[in-house]
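The following pair of complexes shares a single chain, chain A, combined with chain B in the former and chain C in the latter.
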Partner chain A sequence: MLKSTLLKAVAATALSFSTWASAQAVDLQFYFPVAVGGKAAETIQGLTDAYAKAHPDVNIDAVYAGSYQDTVAKAITASRGGNPPQLSVILSTDMFTLIDEDLIIPFDDYLTSDEDKKWIAGFYPAFMENSQTGGKTYGIPFQRSTPVLYWNKEAFKEAGLDPEKAPATWDEMVEYGKKLVKKDASGNVTQWGVRIPSSGFPYWLFQGLAIENGVTLANAEGNKTNFDDPKVVEALQYLVDLSTKDKVMAPGIIEWGATPKAFFEGQTAMMWTSTGNLTNVRDNAPFDFGVGMLPKKMQRGAPTGGGNFYLFKGASDEQTKAAVEFVKWITAPEQSAKWTMATGYVAPRPETWETDTMKKYAEGFPQVLVARDQLEFAKAELSTYQNQRVVKIFNDALAAAITGKETPEAALKAAQAQADAILAEYR
Partner chain B sequence: MSRPAFSLDRILNTSAAWALGLLWILPLAYAVWTAIHPAAFEARFVLTAPLTLENFVKAWQAAPFARYFLNTFLLVTMILACQFFLGTLAAYAFARFRFPGRSVLFALVLLQLLVMPDILIVENYKTMRMLDLVDTIPAIALPYIASGFGIFLLRQTFMTVPKELDEAARVEGASFMGILWKVYIPLAKPTYLAYGLVSVSHHWNNFLWPLIVTNSVETRPVTVGLSIFSAIDSGIEWSVINAATLMTSGPLLIAFLLFQRQFVQSFMRAGIK
Partner chain C sequence: MRDWTLKREWIYGWLLLLPAMVFLFAFTHVPAVTTLINSFFSTPRGRRPAKFLGLANYDRMLNDPVFWKVLWNNLWFALGTIPVSIGLAILMALWVNEKLAGRGFVRMAYFTPTVLPLIAVANIWLFFYTPGFGLFDQLFGALFGTAHTNWLGNQATALNAVMVVTIWKEAGFFMIFYLAALQAIPVSLKEAAEIEGAGRWTVFWKITFPLLMPTTLFVSVNAVINSFRLVDHIFILTDGGPDNASSLLLFYIYETAFRYWETGYAATLTVALLVLLSALAIGQFFFFDRKVHYK
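Now for the complex of A and B:
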């Protein structure tokens, strides 16, 4: 009792001070995660500083909040504790979770003019799939990526393949892979054909295979999954066969973090990984490399990934307006180009690619265009209500099939049943 | 007992100790290896590989570590000082005074050992917000200063102090506080040392709570600086991560090596198992 009275008294004093301070200018707090190496945090800091300089009526405080998982934990805790940020970059797939927790507001109320609507329409549709639901826009794409296929041109030459041509179909990837596998005298593999990492979040790259086979893993409302669709089973069978039947990929779970390294050291001739790696590969690969779209089965396809801007509840009208202005500014061509060049993330608006800076960049480094062109075929990353739980069920099923504990069909059937049990209440 | 059996026993013991010791040191040895060699030698062990300090330079420049070190140092000092102060007084009361509700209160203190601090994060955050302490070093420290473990440990130690010493001091005319200061605390030194080590290393390594409750460079500890290297989207640079890890845990490692004998002895005497 005494404690709470005391706390309230202190809080009241503190509050009166803070309202006095905020009367001077709009204060914005903005959380961001860092998921790529290099200068990502510094680039964001630099951009916000530049914005604050040009807009003296806004104080903007960019707060580094750890990994994506840490950031969402921090944002939820701060919101529950009555101190939400006005703006945060969080995984696009956390949209349903944040709506479910009632922590975010849609951008629509602040984007009413025709010009604003045009601005929303100016993002790649593939990125907007994870950002809109129920006719409202909850996320604005910012640090978005998509997986692509990297290949070692020297290894291709050595195996008698055309070093300028990536495998275009599933069958071609197996065929090339078989030619690329190298063994030493005692029969141990020294170079695998391809490497599709499966640790941690296998669903992401697997989703590429599923989309290529003409099926999406979840509906747009986020309340129904298609894990046991025969086409999903077929895609998983293909992935499992790569190491068990065709023997072009190392067996078992393959580490994400070690994948670029394995590529640099020639342990694999091809790898599937995020475009977030482009800058890293360019700087560190000791050979000529190519970047291609993921191979197709029925169609080309890839998931998108990465983080969106979200507006948090609890801000004043003034703050939210300022936050929307800031989001518009930082996704504008000039700023977006800087961000893409510093990190390798895909610029989310076509107009960014039309700037002179980006054109010049793409001329010297044409590989960056592959991810952009692939967006035409890209689909939303798997995202549902209760996302963490549903995705975990799916990941566990994939891991069980990859390690050979269960057949793809049995694992996916069980996963679908579990996901149904969780999602039933959202239908 | 025959001699050969004894020596066989000894050989087994020694070799098992060596095996376990090697197993324990392996990750550390790997960290040192990668940290002082260029990235190309991360997974290749060539004795003639060139040595470099570049990884440390890179790691140091990736985040404002000088400030982070200062913050961590302030944080663990603040926590330890408050824990000693509160723990000593509370333990003294529980060990030597009879007052109504003593056992209930002590049970409540012990209850704290059963609650995972992580589930209290939201409540703690609310309290810090009400106190207007969000984004300060005291906000990281406050939830931890009334440590149930510390109180329990010191109470058990104080209980083992012979009553006669207490009474003799009282006959000499010492006050309650005087007795605590002159009799109990000196006799509990090993416990303080052991508990201090556990507390410092725990708070040195704490990550989630500091990350959530702080926002600026001026208040954040080294662990938050370290997290910037876990960049999964772009592959992991083991050499730089290991350099940063060695750098951030270095002060603790060095302190442990310097005071190793005292620590081990104090653990044995304090009876923490």
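Now for the complex of A and C:
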């Protein structure tokens, strides 16, 4: 009798103690998008679970929020409804939009020690370009990528090219492409030389061409675009010529999603796509393939892409502190290496590449290093105030030129005029 | 005493209406009125609250080339999809109304597209249209040796390719209504006509088709609404591209509201859509009503 009463009392105390402890714990809600196939969502869930286990004072609710587009829409809607997440992964290029909507706060107020400042400086500068503005850091790079050139070594051998060498310049890419084009008896092309997809978001890969030609598409303040710069026109002319004049690429808009498949099926000997597809290509390409940097014109160049961590307004001080701690933990070498190996995203801190796990991984799969090495030449991605609208205007102009409705020059001039009209109020 | 019962009935009546009214107001009338009000204001952003603009948003709409383009696209989309899918629906309904072997199976086959979610359908068709290894290219390539065709990546064909998917999806749905209507037509009318020596075409044109008119009215009102409402597949197939060639009015409203977050201007576009749809529905009822024969 006494024993059972005692037990009950102990149980009751334990129960109330545990509820007290969880009442003291910080609740964090964290939205994340998934833009590539495979194990991305599981990996994030696994990482947050591991963090929650090691830190019983923090409850993290990781919410899969769909594509990048869905995630930013959800985060903005939730914030407007007075229920913002404390933390979210959103496109790095949406930074100005989120600032304009007054939804995010910079990390700087929570990173004041020297050690913290060193930590911020420990990211690749190319990734920080889309993460900082006005001297403040609004985004911490997490799932970041960059486009690279994949080539089919067997097709190169067949065309009499060196299978170990990717085209290094624009001219070489055309020259190789002409050798790689194969036609059937009735003159229809069965294998194209190169494939630069242009559906949905043609601006992303096009930026590679623009940067190689020595221009970036927008200024760092996000309030002025350079769409009608002669060098941008020249880059677009090159892209259009690939299908119309040089005939090394299929005409019309080329589907982004079907590009890896077209590569596997031998319909194109080279393709430009994200490093996020690296694991996919390794698992599915039925031939030996190479990965190279994008070819150069005046210089090497590539855009960056992908998502950053943002801190949302409306959280308590404890919550934001806990969120910052979590971001520090998940971008630390060990966690970052796991993430990179599961997806192909580029680890955003050089120290991750120095870990034994990553070194061993790169030894067996050296293609993974190309994206990292290309970062040296990478520039900021197109990002402005009212980003989605400005980018859409630019995408429409690219599509009009690619489908032959307008000349590159006319299309880009019109796009610049429209972008100016939108951005004038932010200058 | 009499007043009292009247009042009680009155309360009783309103109570019965209440549940439906609450939902109708909460999800239809209140949002419509709010949309109309918002269409006169600028989009609130962060620290800048919405301010009254008067007709500025409407002025912008009339000068927006993309608006006119998507409106024109939508007109073409409606003209291209409605008559064809209704015609196909009648044909299929007549066909599966006959006594033929495996009738149940054919009916089910025709109805299947309706059951599938539009997003899933769009993904299947995306594969059909893919240049090179897509179904159409493989089929036409093997049969006629034609070159690869980029149906969705070409300004001239993108909208038509989207329309084909819509017709495929809608015809089966409309067929069900026609099938039900056909079975309600008394066989005696047809038999009498045949005794008088009427051919099959005469029977169809003079008896069956007029008796189907109420269904045609219902189906065509639905088809018109659908042609402005069904945009799910555009997200998958073309995303409105290339250069807005396959974008429709509702898709443009979604883009404006939830991609550019210009809710003020999106409200203005929505008002345009509402006005257009109401005008079409009213017009249809007036126009058709004179020709519809109700029993």
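Note that in this section the second predicted complex is superposed on the first by the 404 of 427 C-alpha atoms of A that agree within 3 Å, B and C clash if a C-alpha of one lies under 4 Å from a C-alpha of the other, contacts with A are read in each partner's own complex, and residues count from 1 in each chain.
We take it that a residue touches a chain if its C-beta (ideal position, glycine included) is under 8 Å from a C-beta of that chain, and two chains touch if they have at least 3 such contacts.
From a predicted model like this one, the values you see are computed outputs, not experimental measurements.
Judged by the touch definition given at the top, the superposed model places A:Ile211 against neither chain B nor chain C. Contacts of A:Val368 after superposition on the shared chain: neither chain B nor chain C is touched. By the touch criterion defined above, A:Met293 reaches neither chain B nor chain C.
Of the two partner chains, chain C is the only one touched by A:Asn395; chain B is not. By the touch criterion defined above, A:Ala378 lies against neither chain B nor chain C after alignment on the C-alpha atoms of chain A.
Contacts of A:Ala419 after superposition on the shared chain: neither chain B nor chain C is touched. In the superposed model, A:Ala73 lies in contact with both chain B and chain C. By the document's definition of touching, of the two partners only chain B reaches A:Ser274; chain C does not. In the superposed model, A:Gly200 makes contact with both chain B and chain C. The residues of chain A shared by its contacts with chain B and with chain C are 73, 200, 257-258, 261, 265. Within the complex formed with chain C, the residues of chain A that make contact are 69, 73, 76, 97, 99-103, 186-189, 198-200, 250-255, 257-258, 261-262, 265, 267, 386, 388-389, 392, 395-397, 399-400, 402-403, 405. Residue ranges of chain C in contact with chain A, taken from their complex: 45-47, 126, 130-133, 141, 145-148, 150, 152-155, 238-239, 241-245, 255, 258-262.
Contacts from chain B toward chain A in the complex involve residues 39, 42-43, 121-122, 125-132, 134, 208, 211-212, 215-216, 224, 227-238. Across the complex, chain B is touched by residues 7-8, 10-11, 13-14, 29, 34-38, 40-41, 61, 63-67, 70, 73-74, 77-78, 80-83, 145, 200, 256-261, 265, 273-274, 276-277, 279-280, 284, 306, 344 of chain A.
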